[in-house]
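What follows is chain A paired twice: with chain B in the first complex and chain C in the second.
Moving on to the complex of A and B:
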């Protein structure tokens, strides 16, 4: 193992982390605002991936594919809110969690029945990596990082600059107080579910471009995404992205010592350590800021 | 007669008729069942497999049946799903009272069904690759027969091809399950046994968004060929990331991963020169020629597109020959021993049921050379089929040669 090898491993981890970052961001947004772990998040990601895939096949444009994925994700997310979550929004977290598992199964089955389980891929031209003294840098990874920074920035502007974001945070903090101070809860909820759905949709499109498309793709990504969100502090968008990158880099750097089968377990060891030392997550203050 | 009496009488009549049926059935018919993947992941093959088995049943019955009994075949859809297959197998055994189940596809399905057939003393003839199906507990009673190559034999075929292509520095990459590791371990054992060395062995986890570090590890050994035990989705990601790395290497990949879908997904640049290895039917045997002709006429399908159809065909023929030899009422272990004997060298070679029936009736020992392979069961009742090496040339798979183990 040379230094370049380690650097390459770290870069691989960065890329894996970036791929997990967007689903983690979606998990953390739903948790931050609706205050329950939404197990259907992964399946909204998959639905968005399919939306992006079909938009890409029709238009041939990556930008439009991202928008198409975001639109489908937002619609699916809104449908899940109206048809499943709205009626039980004030019930216990466990009711909401179980409902979301059911919603996830439903979305996955609809995707499977509609589009089948055979392999689907974005047919994109492949680029060779640039070899910089033994360190491989792939141009598409730079684009990936750009997309994630842009989505993060947009989410931040919405949460902390736009008035609707302030309303969201107010409602998340105390729904009753929010309502008596004149916030229209219904409208804010619609915005919240649309935005998280759109983030999921973009995540699905990016994930689909980098890997393959399948109805189960979001479900298999859910656990790492949850772990990343927990490490960063649930509800904290920057934390989710940083947690995902940390998880990815630690996993890859561990491979010379623990091998490729156990690196995944090591990711969860990191999560346990973080929870032991900082139960609120790396980026949250003890009270939590939503 | 009041209603209660009528019910009682009816029930008695029903029980009596059930009581009588097996005796009657054992004299006139030999009941078997096909349990094929008509739907689910195996659906491209299931219908052809059923058709192949039905052709064999028709052939046996047209030749006057086996051992004085007509073959009667029920059929169920396994849905390529272990739960569905178990329910279907239970129904076939308990309600239809079949003596053998043929044509299960995918190791998950066969591994789920074989405990049930074992308990009921029913033969299971399957087309799955997992090494676990060879040995106890799955095949403790030796009532299971495998008509597809084991993953271990796939690995041996990979080694033969690597030798023939004069590769010197192979590395392996395996999907972390019995089938994936079975392929690469089979390769490694065979390759090192003939004095070669393997520069890197990597086992990877399924469902990862990227396999770069795994590839980095493999490529650091500067292999001239990478042998995989992989599936379509992970192979797609691995090959794309390998191409991006820019380091030259060749690939030997099992046919279920390196197929038309992979070529379509990755395009000609990435896939050029990949060697795809699949097990094939005994394409120059008389049984295959006769089968392929009828399959094209009756099922309107090409036998070369569905190797499993020739397997289910052989399953019925070899079973019927065994029934001819030991009689339709023989115990399961006697029948299984006869199936094994007819599928091993030592007897007069026959290529069809009618031919074998004549010799068996004359008290001779026969060896059936089937359409799928010459069978040649080993001690675990596993067959050794031929393999084909196909090379990707300009985005198309071109078959170059056949490997016999």
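Moving on to the complex of A and C:
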């Protein structure tokens, strides 16, 4: 393997990692506030992808497609919160987790019945990769990666600069202390579910532009997102993004050695190894069991 | 018609075995296993390969399937026991996917995505319908024996200990018992029961591919024990029966609605399961026959 091949794989891994970073961030934000791994995350991604696809076909604008995907994702996510999760918020993890699986099944079912199971593609013009001494860079990938980085930046600005982000982090840190300090948990929850939904919706649209759309795409996206969030430490936003990029790069770089099938398995193996060594994830401090 | 009934019953009893396995792990011990289908698959593949590659009679492959699936639960236990519920769910789900990917990749042994066809029936010299009935009888006997074993386990001092671990692990530690030993044992026993179910499945269906062992089956079994009620053997049985009626019922429905494709019906079925799961968790988390208070 030449150095150029190595760079090509690493760059491709970076883009793949960024694609996983958005749902992984959503998983970790939901876990921080609602304290369960949301198994419907992937299906919100799929719903957003179809929303973006629909908007694109109507308007022909990629920008509007992204906004449409974000809107659909946010609406689906909010609907799931109000109709399914809100009433059982104080119950056990497994109750919420199984409910989220039910929500995911339902979303996938609606997508399957409304759009059918054929793969859908955005009809985008084909672009030729630019060749820098053997390092291939696809302009579409650069643009999509730029969109993802912008979205990530916006979420982190919200989390670490805006007041609502401070409230979110306070509630994630200590819900009781947050409430006695006068934070309205309900409002923060609504913001959190809309933001994570929008993030997933954009992820779905971007994923659809890069590959194809299918109602089942959410499920294939869910486990890598879970793995990335676990590697970074559930509830830790920086960890989720770093975990996703780490996974993407490691998986791509390993492909020449282990092949395409074990590349996927490697993601879960890395997750198991991280949990063996640091059960709290790479970026979380050790904590007692809540 | 007889053949259809036999098919339904065989699938039903296989689901009952799987529900027992999950109920022992989750209902009685509180271990969240989202990777059940992995052990089911390992049982099916082990039994098929032992029969076909080693040339042993089919019935000898059943203990082998239980052994391998049980032993494979052990490393999972070593990793999982230190984790909280939410992590445990993700890890077990990932574990079953690793198992499936290994089956896909190691095609020198498992024939990869093409799967294994022509797995001998339990009594290859008989006609296929007689062999099917024989398999059904053997399956029912195995399920009855498993029920007895489950009763012995759950009503013994051992069973009280694992239920105590479920209810208050710290209290069990304070009593001087080590929960991790019990949890590992429960994972291994549950894995073996799932492996047994897999062995029956392989010899019934005679054709296995990795795609039969995707996580949706795990969630069907979760659905069954949630509907029937956790921590009760009657709950597992009735839940599995209900599940089969539900799955078959939506299939029957298709005959009455014109112009519905197979894929469309599968989507509809998924939606029904999804909504039922949400409603049960919201309104009746203890299931139809469960006695455990809602948590």
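Criterion: the second predicted complex is superposed on the first by the 286 of 290 C-alpha atoms of A that agree within 3 Å, B and C clash if a C-alpha of one lies under 4 Å from a C-alpha of the other, contacts with A are read in each partner's own complex, and residues count from 1 in each chain.
Just so it is clear, a contact is a pair of C-beta atoms (placed from the backbone, for glycine too) under 8 Å apart; a residue touches a chain by one contact, two chains touch by 3 or more.
Just so we're clear, the structure is a prediction, and the values are computed from it rather than from any experiment.
Because the two structures share chain A, they can be overlaid on it, and in that overlay chain B clashes with chain C. Of the two partner chains, chain C is the only one touched by A:275; chain B is not.
Residue contacts after overlaying the shared chain place A:103 against chain C, while chain B stays out of touching range. Judged by the touch definition given at the top, the superposed model places A:234 against chain C, while chain B stays out of reach.
Of the two partner chains, chain B is the only one touched by A:123; chain C is not. Legend: residue contacts after superposition of the two complexes on their common chain; A:169 is shown touching neither chain B nor chain C. In the superposition on chain A, contact is made by A:87 with chain C only, not with chain B. When the two complexes are superposed, the chain touching more residues of chain A, out of chain B and chain C, is C.
Contact with chain B, but none with chain C, is seen for A:210 once the two complexes are overlaid on the shared chain. Contacts of A:264 after superposition on the shared chain: both chain B and chain C are touched.
After superposing the two complexes on chain A, the stretch of chain C that clashes with chain B is 260-268, out of 80-88, 170-178, 260-268 or 278-286.
Comparing the two interfaces of chain A, the one with chain B and the one with chain C have residues 117, 259, 261, 264 in common.
By the touch criterion given at the top, residues 31, 35-37, 84, 87-88, 91-95, 97-99, 101-113, 116-117, 215, 223, 226-227, 230, 234, 259, 261-262, 264-265, 268-269, 271-272, 275-276, 279, 289-290 of chain A touch chain C in their complex.
For chain C in complex with chain A, the residues that touch the partner chain are 26, 32, 79, 82-87, 89-91, 93-95, 97-98, 101-102, 104-105, 219, 222, 226, 263-264, 266-278, 281-282, 285, 294-295.
Chain A meets chain B in the complex at residues 5, 8-9, 12-13, 15-16, 19-20, 117-119, 121, 123, 126-129, 131, 136, 138, 207, 210-212, 214, 220-221, 252, 255, 259-261, 264. Chain contact summary for the complex, chain B toward chain A: residues 41, 176, 202-205, 207-210, 212-214, 216-217, 220, 232-233, 236-237, 240, 243-246, 261-262, 265-267, 269-270.
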